[in-house]
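Below, chain A partners chain B and then partners chain C, in two separate complexes.
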Partner chain A sequence: MLKVEGLTVRAGTVELVSDVSFGIAPGERVGLIGESGSGKSLTALSLMGLLPEGVTASGRARLGERDLVGVPESRMKRLRGGELSMVFQEPMTALNPLMRIGAQVAEVLTLHGRPRQEARERSVELLERVRLPGPAQIARAYPHQLSGGQRQRVMLAIALANGPGLLICDEPTTALDVTVQKQMLGLIAEVAPALLFITHDLAVVASLCERVLVMYGGRVVESGPLREVFTRPRHRYTQGLLAASRLTPRGTRLPIIPGAVPAAGHFPGGCVFRDRCPHATPACATTPALTGDGHAHACWHPAD
Partner chain B sequence: MTTYLLKRLAVLLASTAVAAVAVFAFMALLPGDPAEIALGVNATPEAVAELRRQFGTDRPPVAQFLDWSGGLVSGDFGTSYVTGAPIGPQIAERLGVTVVLVLGGMVLALALAVPLGTFAAVRHRDPLGVAISAASQVGIAIPAFLAGILLVFVFAVRAQVLPSGGYVPITEDPGEWLRGLLLPWLSLGLVQGAVLTRYVRSAVLDVMREDYLRTARAKGRGAAGALWRHGLRNASVPVVTVLGLQLATLLIGAVVVERVFVIPGLGDLLLNGVAQRDLLLVQGVVMVLVAAVLLINFVVDVAYHLLDPRLR
Partner chain C sequence: MPTHAGTPLIEATGLNRVFRRPRTSLTRPGAAVHALREVSLTVRRGERYGIVGESGSGKSTLLRLLCALDQPTGGTIRFDGQEITGRPERALRFLRENLQIVFQDPMSSLDPRMRVRDLVAEPLVALGLPVAGRVAELLDAVGLPASSAERYPHQFSGGQRQRIAIARALAPRPKALVADEPVSALDVSVRGQILNLLADLADELELTLVFVSHDLSVVRHVCETVAVMHQGAIVEAGPVDDVWAAPAHPYTRALLEAVPTLEGLI
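Up next, the complex of A and B:
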């Protein structure tokens, strides 16, 4: 379905995402986890062709038969909202405040060739599909009359409108209340054709995804089936990340990863994690390749 | 919406009434007795008293105010102390000229500012976008009357293609009417357009950073399409505020431009009234100007509500 090979994102001379490769099979739900600044969102935006001004992507990414990187905007435009769609992090600002919900859903349909009248009827059906109560009234409402969770459902309805092959979600539940989060995740799991789910919340990934990619410093440092990566992490960063999110007995210190994520362009050469890694040796000055079938890791001194 | 409209209308009427009191009180407090002014320094006290009685200025101020404000409601502004002619028709005639001048200038300003400001925002990194932004800064620094004088110098004195001033009513000769108004429109429009360009630019820049524009692009719109369909209406909300303020400034500022181009508008009438110490005429013109500003604010507020559903 989706095949990414050697995806690299640059702002001028600074490499923000380096040589990222992964695949997503039809119907598969893949989690992309990492801290802020690890390059998760840029990876997603480069697949959508929506990188900010001055940021460019190179490498290869194919969705079915279609290239996604290095393709002219006129071609990407037809894919976005059609074959490929995305739900963003902040539902409160993602909708146009001056436009009725129904019109905003119908827009994505008319943009991809549906007649106006049909699009209007279909948009109500879509609002119903994302389980919004009273879809006809919601269609007539303005965004400010809806809650955050409802708005995110609207965004999901927009993303699903043209039956995409792949849905990308960038922290879609981070801004929502915990109770609403659960419902939203259930809904995404139910409707997503194939899913790339970006988050820094390991629990969310655990409840939703079958496979997981761990990013740090613009690189994929570990990837594999969720159960394996979470129970038997190989990369020292993944190990630290899991330790930090585990509940600890009362009275003990919270385990943390020492140091802080460097600013973009200030990661060390070789293994990007070596300046924070307790197991680092001179060997780590050489970049480790992502190796291993199924469960892969990029580390010279993996845990076992 | 209807309740809002009624409420806002009530506010408009109330503030106009307060303005009438203020204008009247201010004029009443000014030193100078119209009867004494009309008769000159050698008048006998009896003659002055007689004229006061005729003008009605011998009555208590409250009675005078009620008389004057009661007349305003029916469009009667009283009779001039100097010429004895009714003031209402004069104001109506001059107001028409000023409104045409100001609205023409504003339309021109908008026609310049919306495309230029949007372009400057979209290309804010390019030299051309920066150049437009810088040029608008220069435009802001030039007052309208100076722009007028410069335009007269170029088009009337040097090139001699347009009249340097004067006004021909449209009923007499539409062609000359237009030729006479071109330079005044330009001098108001260029300066106001420069100010407005900056506001349009910053409003569009703000909107370009909004998440809903990225959503529009994620739906399959190009950058330009997203800005056109989702950006411009959002950007117009702050611009409308500035537009209202500018319209009010323009109306008052027209006084000066009317002088430069010898246009018989409201400003010209006001200055003549002041020069001749025709206090009741001045009072009437000021009242009309104040009411016009209040009306502009009313229209801006209503436009706000139409544009932004969050206010409804």
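Up next, the complex of A and C:
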């Protein structure tokens, strides 16, 4: 359903995302994981046609029969919020503080051609669908009157308004408490048609997704079925991330990945992880290709 | 490993903190918000004490009181045997020298216009202690190159900034370090580095650590004692392994179940 091939995002001469390819089948839930600065959000924004000024995407991305990359804004406008939609990390900044909740949900419906009256009724139904208590009251409330979890549910209602084929969630639960996060993840799993879920939290992906893509330095370094990637990681970065995510007993050292994620444009040539990798050799100066069917990895010295 | 033995360093009894909402009527006062209700806790010397709770549970209010950044509306706090509640700032010097804090967000807790040298030296300058050579010593202790002293916070990554904040907190050689969610703004690969550093420093300098987090698994790695907060009260407290293995309060159970883990699923 979504097919991305050779997606590259550049800011001037700096490559921020390089040659990313993946697909999402209808009904499939795919996780995109990596640390901040690895290019996850830019990948999502380029699919939505929401890249900031001065940042350009090239390559191919098709949702069903429609192109997503390199198409004029007028065409993207019809797709965005219709065929595909996105839930952002910060529900407070994503919602308009001066508009009532109901009006914000109805807006995305009227923009896609629904009559005003119908949109208003439908928006209350949508708020009910994301399990907001008292949807009619919530529709009359302003964003500041809602809690973080409620606001994120409103974002989800807006994203689902036009029955999209693909839902992109960019760290939708990072700002929420764990108990609220659990409810929100359950809801997303239930309502998402097909899902691209971006997060840095491996445990969240493990509870939600079937397949996972691991990004580092703007490249997909490993991809495959979640269970396989998490139990038998091949790329050294995935291995390090998994090790660092498990908290060892008190009094023992936590496994770490040495160093820090470099700033954009300062990743080493060849394998992007080689300056932090304990297994790096001179061979790593050449870029490894993402190889393997199903469970693929881009590493010259993969773990067994 | 430090044990539960040791004399009490921080003793809080019956702490209450009531905030008032702005009044909405001319005749009645604004509604009261009970941020803390009858909170009592004892942190012993050398102990690593964890406080767990969700946003709005009162953990930050409690921390502010323990650091005398705010005054309780009821109850008392003793630090090292001395009462700290109700004192004016100028009578809190002993506390400022012996208890320091590391905040959650290293971005907003470091002044962007100050060089690292001045940031780390600031507590010493404020307390009128000698600075000479201490900055280089502290930067070395937290694993930053001496050349960092001349740079500004924005030139560092999140993990490095948290190291700067830790160096600053350790400057006056405190007995106790309070850490308010020190790793929740960090990436997972860097989280381990900072937690290891905190553990090393606590061992080396024999620090008493009060560690606040929303994640019980992080607290379990760092602390031996934990208090679980919910709606302004401590609902459960005890050795962290006991609380982890057999949570007594329904809220603690809900919290434990809600934290997504890798172990259960893989």
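Annotations
Methods note: the second predicted complex is superposed on the first by the 304 of 304 C-alpha atoms of A that agree within 3 Å, B and C clash if a C-alpha of one lies under 4 Å from a C-alpha of the other, contacts with A are read in each partner's own complex, and residues count from 1 in each chain.
Going forward, contacts are C-beta pairs under 8 Å (C-beta built on N, C-alpha and C of every residue); 3 or more make two chains touch, one makes a residue touch a chain.
Note that the structure is predicted; figures quoted are calculated from it, not measured.
Of the two partner chains placed around the shared chain by superposition, chain B is the only one that A:L98 touches, whereas chain C remains out of contact. Of the two partner chains placed around the shared chain by superposition, neither chain B nor chain C is touched by A:A264.
Looking at the shared chain after the overlay, A:P255 reaches chain C, while chain B stays out of its contact range. Shared-chain residue A:G240: touches chain C; no touch with chain B. After overlaying the two complexes on the shared chain, residue contacts for A:A11 are found with neither chain B nor chain C.
Looking at the shared chain after the overlay, A:E73 reaches chain B, while chain C stays out of its contact range.
When the two structures are aligned on the shared chain, A:L51 is found in touch with neither chain B nor chain C.
Legend: residue contacts after superposition of the two complexes on their common chain; A:V191 is shown touching neither chain B nor chain C.
The touching residues of chain A, counted against chain C in their complex, run 35-36, 148, 177-182, 185, 200-204, 206-207, 227, 230-231, 240-242, 244-251, 253-257, 260-261. Against chain A, in their complex, chain C makes its touches with residues 1, 54-55, 157-160, 187-193, 195-196, 199, 214-215, 217-218, 220-224, 240, 254-255, 257-263, 265-266.
In the complex of the two chains, the chain A residues touching chain B come out as 48, 50, 53, 73-74, 77-82, 85-86, 88, 90, 93-99, 107-108, 111-112, 142, 144, 155, 158-159.
Residues of chain B that touch chain A in their complex: 125, 210-212, 214-223, 229-230, 233-234, 307-310.
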